[in-house]
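Since the structure comes first, as structure tokens, the remarks are kept for the end.
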Amino acid sequence: MNKKKIINDPVYGFITIPSDLIYDLISHPYFQRLRYIKQLGMTHLVYPGALHTRFHHALGAMHLMGLSLEVLRNKGHVISAEEEEAATIALLLHDIGHGPFSHSLEHTLARGIQHEDISQLIMNKLNEEFDGKLNLALLIFKNQYHRAFFNQLISGQVDLDRMDYLNRDSFFTGVSEGVISFDRIIKMFNLVNDELVIEEKGIYSVEKFLIARRLMYWQVYLHKTVIAAEQLLVKILERAKELSSKGHILFATPALQHFLQNDVNGSNFFNEEIHLNKFTQLDDQDIHAAIKVWADSNDEILARMCRMLKARRLYKVEITNEEPDHNRVKQLTENTKNKLGLNEKEISYFVFTDTIKNRAYNMSTANTNILMKTGKLVDIAKASDLSNIQSLDRTVEKHILCYTKEF
Amino acid sequence: MNKKKIINDPVYGFITIPSDLIYDLISHPYFQRLRYIKQLGMTHLVYPGALHTRFHHALGAMHLMGLSLEVLRNKGHVISAEEEEAATIALLLHDIGHGPFSHSLEHTLARGIQHEDISQLIMNKLNEEFDGKLNLALLIFKNQYHRAFFNQLISGQVDLDRMDYLNRDSFFTGVSEGVISFDRIIKMFNLVNDELVIEEKGIYSVEKFLIARRLMYWQVYLHKTVIAAEQLLVKILERAKELSSKGHILFATPALQHFLQNDVNGSNFFNEEIHLNKFTQLDDQDIHAAIKVWADSNDEILARMCRMLKARRLYKVEITNEEPDHNRVKQLTENTKNKLGLNEKEISYFVFTDTIKNRAYNMSTANTNILMKTGKLVDIAKASDLSNIQSLDRTVEKHILCYTKEF
Amino acid sequence: MNKKKIINDPVYGFITIPSDLIYDLISHPYFQRLRYIKQLGMTHLVYPGALHTRFHHALGAMHLMGLSLEVLRNKGHVISAEEEEAATIALLLHDIGHGPFSHSLEHTLARGIQHEDISQLIMNKLNEEFDGKLNLALLIFKNQYHRAFFNQLISGQVDLDRMDYLNRDSFFTGVSEGVISFDRIIKMFNLVNDELVIEEKGIYSVEKFLIARRLMYWQVYLHKTVIAAEQLLVKILERAKELSSKGHILFATPALQHFLQNDVNGSNFFNEEIHLNKFTQLDDQDIHAAIKVWADSNDEILARMCRMLKARRLYKVEITNEEPDHNRVKQLTENTKNKLGLNEKEISYFVFTDTIKNRAYNMSTANTNILMKTGKLVDIAKASDLSNIQSLDRTVEKHILCYTKEF
Amino acid sequence: MNKKKIINDPVYGFITIPSDLIYDLISHPYFQRLRYIKQLGMTHLVYPGALHTRFHHALGAMHLMGLSLEVLRNKGHVISAEEEEAATIALLLHDIGHGPFSHSLEHTLARGIQHEDISQLIMNKLNEEFDGKLNLALLIFKNQYHRAFFNQLISGQVDLDRMDYLNRDSFFTGVSEGVISFDRIIKMFNLVNDELVIEEKGIYSVEKFLIARRLMYWQVYLHKTVIAAEQLLVKILERAKELSSKGHILFATPALQHFLQNDVNGSNFFNEEIHLNKFTQLDDQDIHAAIKVWADSNDEILARMCRMLKARRLYKVEITNEEPDHNRVKQLTENTKNKLGLNEKEISYFVFTDTIKNRAYNMSTANTNILMKTGKLVDIAKASDLSNIQSLDRTVEKHILCYTKEF
């Protein structure tokens, strides 16, 4: 069979698919589904180029794994072909559990389920289908393999997942602030006792990487209008589930219908196959096609919110360090209630407060060490001149107030 | 009202929305719809970055209009603010009549309707809504304005529409062959008797532009796999319409349902408002969400084709200069008929021949003249050293043979 | 006369020369001389692409002035054509007083002269030659014009000089760390009481700008090998002047000879025309052509140092926060003295200590204010989340120890 | 010894020096000299960024060799480490025989010597110095090695030398017309019987490569102003040699002096060591430093030409397909003779005709074959749709007329 092996990527030029097994995994419907799940959800409403998908990101990260292992091999570290394929697969599939608009809807479509756990569930399924060929990939993914650096490349402070998404998000949004010298950082990778370290010469690039990530948070990931759109999306789905639970039948693809009609949660999802089956049919298009139809719903609240999203007349959003003034919120609430003729419960679809954090992307806490020319290992925070580099990586929590002026 | 005026564009850096009227047009649902219509249809199955939309392209072309008119003004040509706004609107809206997967589905969803005519219909609607503020834009669009260069910038041999799509398609596919020196060409624009000309110094850039366009045809627009996907899409919609006409009720959004159930064509489209209303609700997502559902249809032919598209198991395509060998086609047909158990009529969904042309994008024939240093105007074909530059622009017709090996 | 008005620039695409007067200034031998003075001196020994000149940088900065004033005008600020030309000239000529390898040789070829004072002297000369047409430019350059923002664009915390050199140095070295979103910052420029301010939305880009500058210092401007080469150059010129003062006649172009033979300093330079005449004949090539010849000098110290530079066998350099250990320096000194057979005074050409600062480029202390959405002006350090942004801009002094191992 | 192995290159990101021997060759004074020989001579007078050197180009070409051999190995071709190093060295050193402003001065400083022959002479010297370690590199360079593809990569129709210079010249001039998809072409390299072929899928990229080269000729290499500057340089050197031969002693570095005072030619250059010794001391700076001094020469013809070059008041140049009109030339000659008071012989420094060819860079005639999917080898001209692709590669000869208006 003629397996196409080279893919054009505007970010890196070309991406080579390194093996037949990986080709087959990429061809699998579970993975092809990622073609229709945008990496940045509603961000394209602000940055119209930001339509790139989780499919593309996963391929990009895979490409960086190839570069990284080549660098490590050139420095004399032995990495077997089997390890390389496994590490590549673990990275390629580490986000396969994402659903549509994942960061917004992770807790709306279903409840109490982490996408990481779905990723692992799907990898297990694939491992069965491929006769155990993913065993080592799973060990690496679960950080149970004895050579820690493989997992650190997938999920660490300076990992290939982040490197690719910063590059890629920066490229497609056009926000040059996020450009990082991934090639320089990778060239500075090395191993000490099978732990990933970065050679001293790479320290400025790592500082820049951390700073770029922080800037991307405030300029892109937590952009006010992006938040406005994502909050609106969440509220729409909440209303749709509420209506469905009361017996309304809304227009939806069968896959979306399943999640509207059923209470899918952490306990049944991993026990009943139907949920994963439906989940792996879902993508951004199910959501958006439904919302367009719901704009004509006879539930005025649902219809109003869907019309707002369609016409990009989003919530007004205020982001503050302190909790928003209660009187102001109360006044906005009263005012809007009157204008829209809503009751106490319904008004929460149109005026509400919440908090956001800049760590959405970041579950890991494993630090990366710098390998000094002297041979010493030093925590990056200590190796850096930038005295508060740690602060770049800390969680910042902000308050948001959302309301509408579309009456 | 706070009208956001600057948009990030990875291709040009920033795009400024030049006036309030244009801001309002961009905000209109007719235009926002273009956010969900990909410029290159199914091309992302080959070039995964090619997800950019007609929305983004229209903004990009608008940006080039601003640059072009500034150059012309700096060369002493008087252009009024009113003319500038009108020309910008004409360019911004010139593609607004495109439906989803336009090049493939233009003659499937409806029959005998050109997207240019729909663009004009929509512009007329908008002109009504905006109290005649689009009068001049419409004159320019229809090439009825006495200063010809405005229309030539929109639709000529070297126009801003093409400049933007070459740049943009090249950027998002990652095919560097399509990169053109748009800024250099624009700097060489000038007017002679209100006709657009290009100064002699720009001739190499124009040659390069024509060559880039030709290369993009064969490398991207007419890429074998892209054709395979688009043909499959056409056949799926044909089958869906056929089934609908026989009374089957297929899953579809109301907008798509309308086009499945009704014979929309050149005569009723422009007379009955319902058709345009439904048309302007349609985007790529209606099509794709339906196809995902149809993969489980109980019509085996429809279901088979939808599963092929979903899993990217497309037709095999052979592109040839000569008509494909009849015996071979016959044999493939027989063979496939037997394997799939289909009759004479049904087999045409799985084995068929057709022709393609590299002029899909190009309706115009107006030539662009080169303004020689001597002051003479010379046709570009004669001004160029590249003896066969004309051939770059000629229509090439090729034969295709499509068949499946997915049994 | 046919004055060529457009220049290709790989950094910005095209640079337009905005007026005939500016064209004539660029054509003047004082300015053309900058074609042969590299912006980054010996840096090309580390980054081989870093051959760009002060000529190119001045044109680039001029380009940014045009963009900036256009932004300010679009925000409703009135700027006359005369002011625009003057501000552009002031920026174009602000570095015209640089000699070859300026940062290294500023205090070696001559003594006690700042390049800023030479710039002003040359601007005065040009003003005479051009019949007073540079009067306003001189007022702006000397910060005596009542509209302060013109000078702030030339010499402030976030000025166009720095913006261009960060962009340009980053481009030609290939160190992507220095890339800044100059276009975004410029789009955020505004005026309050004719003072330059940056609108709140631009704050992340300004943070990034300050960080980029800091990183460029440590990665490029103060790179160990660059310092090694520049220190060697200084020592070579010191030796050449010492020999000349003792009556040795070294090979040199007449212009360089003048500075070898005479004690040019702050008091005679501005009084005797001969010095400026000779100075404006000097460029990098006079220095380097001489050094190649001096490698065969019969002064062994001079010859040795020149051979070291030619063959890129530079000093070893150690950069430390604390003063280097005295015993170590002493031991290195003794050791080298013995190996090379030098006396106490001569050894200082081969083993020595010094200090370096990361503020070489930065004489200004004027802060730039952020214009908050509320209308308040806030110091950037207070407007930023990045708690220690001030520290990015502070002077860091480091100690260096230079010695040779080339015996 | 700590041999720095990675070099920043703005064109490719990073270049790795692959072996210690290659590091030592790069460090050799013969090679370091190339740091001061610009790849494009006087082109920077038109494109101010075009200051890149033969040093940088040689490193870039070396980088492409690494990529190419990796591609070939991945396709199953066996290439030994020894062969790789030799091919890399052959490419790295293939241009080492270039002198300053090589294309202009090749026949002025010395007579009847090809730079290729000097390259070979220097490689022989280096081979002696390095104890025969360059034996295989020399075989490859001289095309005497039995595996032809190594030489074809260095000097063929689609070779790595050209690929790098097109990329690099395009990058530093800012002329985007020259950008080529080198990575795509390289990915399409393959071997048939140890001959280099390009796989069918790469044909568009090869077409684009040939077209880019042609455009670069007319836009950059044979730009009118570049020719004007190079012709002026040639005439200056001719005059300087003429004066020297009559006993005038002009200012010059010893290396340049040698070529002014002696008739160096094809017969003595290869027999007497002094000539190569002096030649390898020469670079662009010797020439330019002398010209600055000669601008004050008491030979008015020499002084006038040097002032013209210094102030960029170059010849007027007319490029035509036909020979220039004799009467016009005669009239210009007479007119200029009178204005400048020159005799019949002297006037030829200021008014003259000549011819130029677009093949300056191209000595090779070996064609590259396309490997069709069918397995057949087809000449690129026949494989291409672009009917006259051959014409892109043919020599075009044009006539030039140079004269001055600077009186």
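A few remarks follow.
First chain written, first letter: the chains are A, B, C and D, and each begins at residue 1.
Operating definition for what follows: contacts are C-beta pairs under 8 Å (C-beta built on N, C-alpha and C of every residue); 3 or more make two chains touch, one makes a residue touch a chain.
Here's who's who by UniProt: A, B, C, D = HD domain-containing protein.
Please read all numbers here as calculations on a predicted model, not as lab measurements.
Of the two chain pairs shown, A-C and B-C, the one joined by more C-beta contacts is A-C.
The chain with its CA mean position farthest from that of chain D is A. Chain A and chain C have Cα centroids separated by 44 Å.
Chain centres here are Cα averages; for chain B and chain C they lie 50 Å apart. Those residues of chain B in touch with two or more other chains are numbered 13, 175, 184. Touching chain C in their complex are the following residues of chain B: 6, 13-14, 183-184, 187. Contact residues on chain D toward chain C in their complex (touch as defined above): 7-11, 13, 27, 29, 32, 35-36, 44-49, 51-53, 55-56, 59, 171-175, 251, 253-255, 281, 283-286, 288-289, 292-293, 296, 310-312. For chain A in complex with chain C, the touching residues are 175-177, 179, 181, 184, 204-205, 207-208, 211, 215, 218-219, 385-388, 391, 396.
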